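The two complexes that follow have subunit A in common; it is paired with subunit B in the first and with subunit C in the second.
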Partner chain A sequence: MSITSKLKEAVLCLRAGRVTLPYPAQSSPLPARFRGRPVFDAAKCIGCGGCASNCPAREILVYDVCQEIRIIKYLGRRCTYCGRCADVCPEKAITMSHEFENATPAIGDIQQRLELFMSTCQRCGRCFKEPSKLEELKMKGYRFDDLENERWVFRSQAYLDGQPVVDDIEIELD
Partner chain B sequence: MVAREKLNLLKDRFGTAIQRADLPAEDRLFVFIDRASVREVCRHVFRQLDARYIISIGADDRPHSGHFLVAHNFAFDRDHLLASFLTQLPADDPKLDSITADVPAANWAEREFRDLVGIEPVGHAYPKRLVLPDGWPEGMHPLRKDVPWNHVPEGFDPDREFKFDEPPEGCTVVPFGPFHPTLDEPAHFRLYLEGEMVRGCEYRGFMVHRGIEKLAESVLTYNDIPMAAERICGICGCVHNVAYAQAVESAAALEIPPRAAYIRTIMLELERLHSHLLWVGLACHIVGFDTLFMQAFRIREPVMWIAEKISGNRKTYALCVIGGVRWDITPELKTELRQVLDKLETEWTAVVAAVSKDRNIQRRTRGVGVADARLVKEAGLVGPVARAAGVPGDARRDHPYAAYDRLDFDVITADGADVWSRVVVRMKEVFESIRIMRQCLDRMEPGPLALDIQDELPVGRMGMSSVEAPRGESHHFIITGENNRPRRWRVRAPTYQNLQGVPAMIKDQQLADMTISLGSIDPCFSCTDRMETVDIRSGAQRIWSQEELLRLVRRR
Partner chain C sequence: MLKNLCQKMFGRSLWVYHANSGGCNGCDIEVLNALTPYYDAERFGIRLVGSPRHADVMLCQGPAMRSTAKALQRAYEAMPAPKLVFAIGSCACGGGIWYDMYSVLGPVEKLVPVNFYIPGCPPRPEAIIYGVAVALGIVDKKTAPVQFKHLEMPIPRYHPEDLRRDGEMVVYARTETV
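On to the complex of A and B.
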């Protein structure tokens, strides 16, 4: 009968009571694994650029000012907080923080710019171990993403076939 | 071996038209057929061998083989076999016979490869533009390999309008959407009405086609794509994430560790739970029963919380990488998940007890939006829509993946073929999902979460994967390629087929039932950038262009 159905539905609602949370006046604790904005630790970063190569949204840029200085810039615009950068980071320099209330009128608030001093490898200048075949670092030499316009630039030979490599260094093997 | 049997059947009948075949596994079959007999073979497979049509795929293979490629994918559900019938087309003459006359379900897929790859389905009865925007120049096909991913075509005309068909005589046109209160996402139906009765409609969608496939084929890499695939759908994201990973694994013959298989199963079922609860809520909302809408969402919330605890996000789980999963389910999470399931089961039992006798809902949904078994076959409908028509199709049982072959569950069917039956199917499936997850939690053994892949993935292999999304079978097809990325990746979401059944479902019923009929397939759409206004006093119509709208908005 429909009338009993209506009664049952009424009981359902009454039993539940009020469930609305007092957010944002009061926030509830976040689970430990929560993936918020990634935070980069310049002290731990070795500048391998694995995060930049493996970011699905292409939100991390790498620019080599000279042999010794590498800039890594996190753009924070369309980052989906997937956490792949933190996964592949060999030094655990990236943490997925618990920050998620990131709406801001100034994009600089959530961006990060790391200026790293790079010690030089005697063989090629830039060589780091690849975590696996599927997570190759995809660049052997130097890299020059467009920091002004915040765009990724493909210049590594390992990345695209048929593209000239800019200033790639010949590796001499003995 | 079923694949071998089917191949022999075809060889006996078509002889040399079957050029070569690849049987990489017991449940996969790739057959290369002669261009001249495509239509004949597909008709035979669809009608005589009674296969279910999945999708047609067009690919530009010129850089590798010098040919274009078309694949017509069919499923032999009872034999647990996925089959792909491939044809190579010469680069200077990319044409082949349309199969839509024999396989009506192929209508959209053929129009799609005509738009995107420029392969002409000869003899297609309705070769109208489907995917590309109205202003896109003719003869420019974005999925061809010589088109860069970020190419902006010359001659793009933002003001060019889509030409709708003439409505049948005596009918009034009522535009439904792109923005409509009952649609979560925009889509445009042009309904032809005679009085209150819907006599037909024309659909125009794909307006913000995001080109994820192109991006995957030219910019992203194997392990980037799962995170992009997940964003194909806001509700069944994990499904695409898993289906993509499985397609690659099937192409590269990788077997994932058992623990990863169980975790994938659990996350997929969690997703089904939240999706079905959401859908029951929305369906109630559409028919004006907001009490249950609120309660369904309340009951759903703990599912979102436990997903967040396991994966770090309520909805985008970012679960898979090639060869495994990223998140483990610890003993604490296991206990918590069990508690969530117990509570959900009790609460959902109460809801089902209340709703299943509710006469108001039944009057609003019984006999509405009928899609019978015949329409299911012709239009290739999948998921709860097919099961509500008594067709017991379920990729979890028919084409087992992850850990489903090790689990015990029922495929829920109903025989009303109407919206009410779809409500019943979905409500019961919630209990099956709970059952499946409990079994997974019991049987999960400790072990690695992902394979350690040391070699590059083989190039030029093909893979297929079907995953049962909450709203139907989601099918992914992949050709592996160089540079750590696929050459071709094709996604067929369940709504792609189910939407094609909507015109038949809403025909000859009242306009007021349109919303729930459409809602009953649980659709996913895109949006548009144009608006029509009608001056109520004068009745004059005016179409606003995008530029005028922008000016209007910026004026304040």
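On to the complex of A and C.
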């Protein structure tokens, strides 16, 4: 009786075949919607800090070290890869990558640090995000590029002396 | 140095003890998943044991909690001398989402010295096996800190006193090319 049950078990095991994945040699494909470590694209980041204010684990920190430099630090220690930062990013600078093999002997290896130049407010001197295209159009001295001579050209002449509108806005100079 | 020491000390099999100090059970399920025939961790000699006195490695899951702090420290002290501690999951690595609650002390490293961190919420079973492989020196770690710095101001500074008339156009007096 026991021999027949053992034989039955052996047949069942043989029919199942091998299920063990050859993981360290060759990894299985990840699902398409898998969220791994967020990757910050510094070329696209405008430093608005929306990711920092939306992070449930408070793992994205924003420092304004001086007037024109903003440091965005992603520490990633208690990041749950929820993807809220990628959702809220207006420039799509954060992408949830497929990297999950983040094991490390030093926890500082996961961190990402962006040091960005920011426009500063002429009045209070604090950083603000760059104006959008629409806001740029509304600005008085909206510039366009003179590609032939490789320089910026300002469309408005309001800042030149002798213009009737030269003193209608006060800008603090350096 | 740590890698060489690990290869010398843990040359054969790692017996792991599975300590949950107040996690949500997600990482426990992933650790047990790593021991199932799918990700057969016993190929590498990793075996789950029931007592810290038999164990080489402690897998910590969950943050350091006020209520389980002493028990975790006692379990760590009960392990024989060449011992490793793995912090598995976001809670053990950094304290988890509820890191600032009254009952949570923070990451596990506040109570016991942690040798390896495996972040993720929960980490995939592959990630756990990868962490053990990094600890054993089979593979190299993939992560490194990333730093990015703007070296040039991306837009020209806005100094209206430098604007000059040039024929029909208004341009900067300083030659600032596009």
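FYI, the second predicted complex is superposed on the first by the 105 of 174 C-alpha atoms of A that agree within 3 Å, B and C clash if a C-alpha of one lies under 4 Å from a C-alpha of the other, contacts with A are read in each partner's own complex, and residues count from 1 in each chain.
The rule is simple: a residue touches a chain if its C-beta (ideal position, glycine included) is under 8 Å from a C-beta of that chain, and two chains touch if they have at least 3 such contacts.
These figures come from a predicted structure and were not determined experimentally.
Q: Determine, under the contact definition given at the top, whether A:P56 touches first (subunit B), second (subunit C), both, or neither.
A: both
Q: In the overlay, answer first, second, both or neither for which of subunit B and subunit C A:K44 touches.
A: neither
Q: Which partner chains sit in contact with A:S2 here, subunit B, subunit C, both or neither? Use first/second/both/neither.
A: first
Q: Touch check for A:G83: first (subunit B), second (subunit C), both, or neither?
A: First partner only, subunit B.
Q: Considering only touches as defined above, state whether A:L12 meets subunit B (first), subunit C (second), both or neither.
A: So A:L12 only meets subunit B here.
Q: Determine, under the contact definition given at the top, whether A:R33 touches first (subunit B), second (subunit C), both, or neither.
A: Touch status of A:R33: first partner only.
Q: Who contacts more of subunit A, subunit B or subunit C?
A: It is C that touches the greater number of subunit A residues.
Q: Would you please give the residues of subunit A that touch subunit B in one complex and also touch subunit C in the other complex?
A: 19, 56-58, 80-82, 159-160
Q: Per the contact definition, I'd like the list of subunit A residues that touch subunit B in the complex.
A: Residues 1-2, 4-6, 8-9, 11-13, 16, 19, 31-35, 54-58, 80-84, 87, 96, 132-136, 138, 159-161.
Q: Quick one: which bits of subunit B touch subunit A in the complex? Just the residue numbers, please.
A: Per the touch definition, subunit B meets subunit A at residues 219-225, 227-228, 231, 291-292, 294-295, 298, 301, 305, 308-313, 316, 318, 321-323, 326-327, 350-351, 353-355, 357-360, 452-457, 482-484.
Q: Residue numbers of subunit A touching subunit C in their complex, please.
A: Going by the criterion above, the answer is residues 19-21, 23-24, 27-28, 37, 40, 42, 56-59, 68-69, 75-82, 99-117, 119, 130, 141, 145-147, 150-157, 159-160, 171, 173-174.
Q: Residues of subunit C touching subunit A in their complex?
A: 2, 37-40, 43, 90-91, 93-97, 99, 107, 109, 115-121, 123-124, 126-127, 129-131, 133-135, 138-139, 141-150, 152-156, 158-161, 163, 165, 169-172, 175-178
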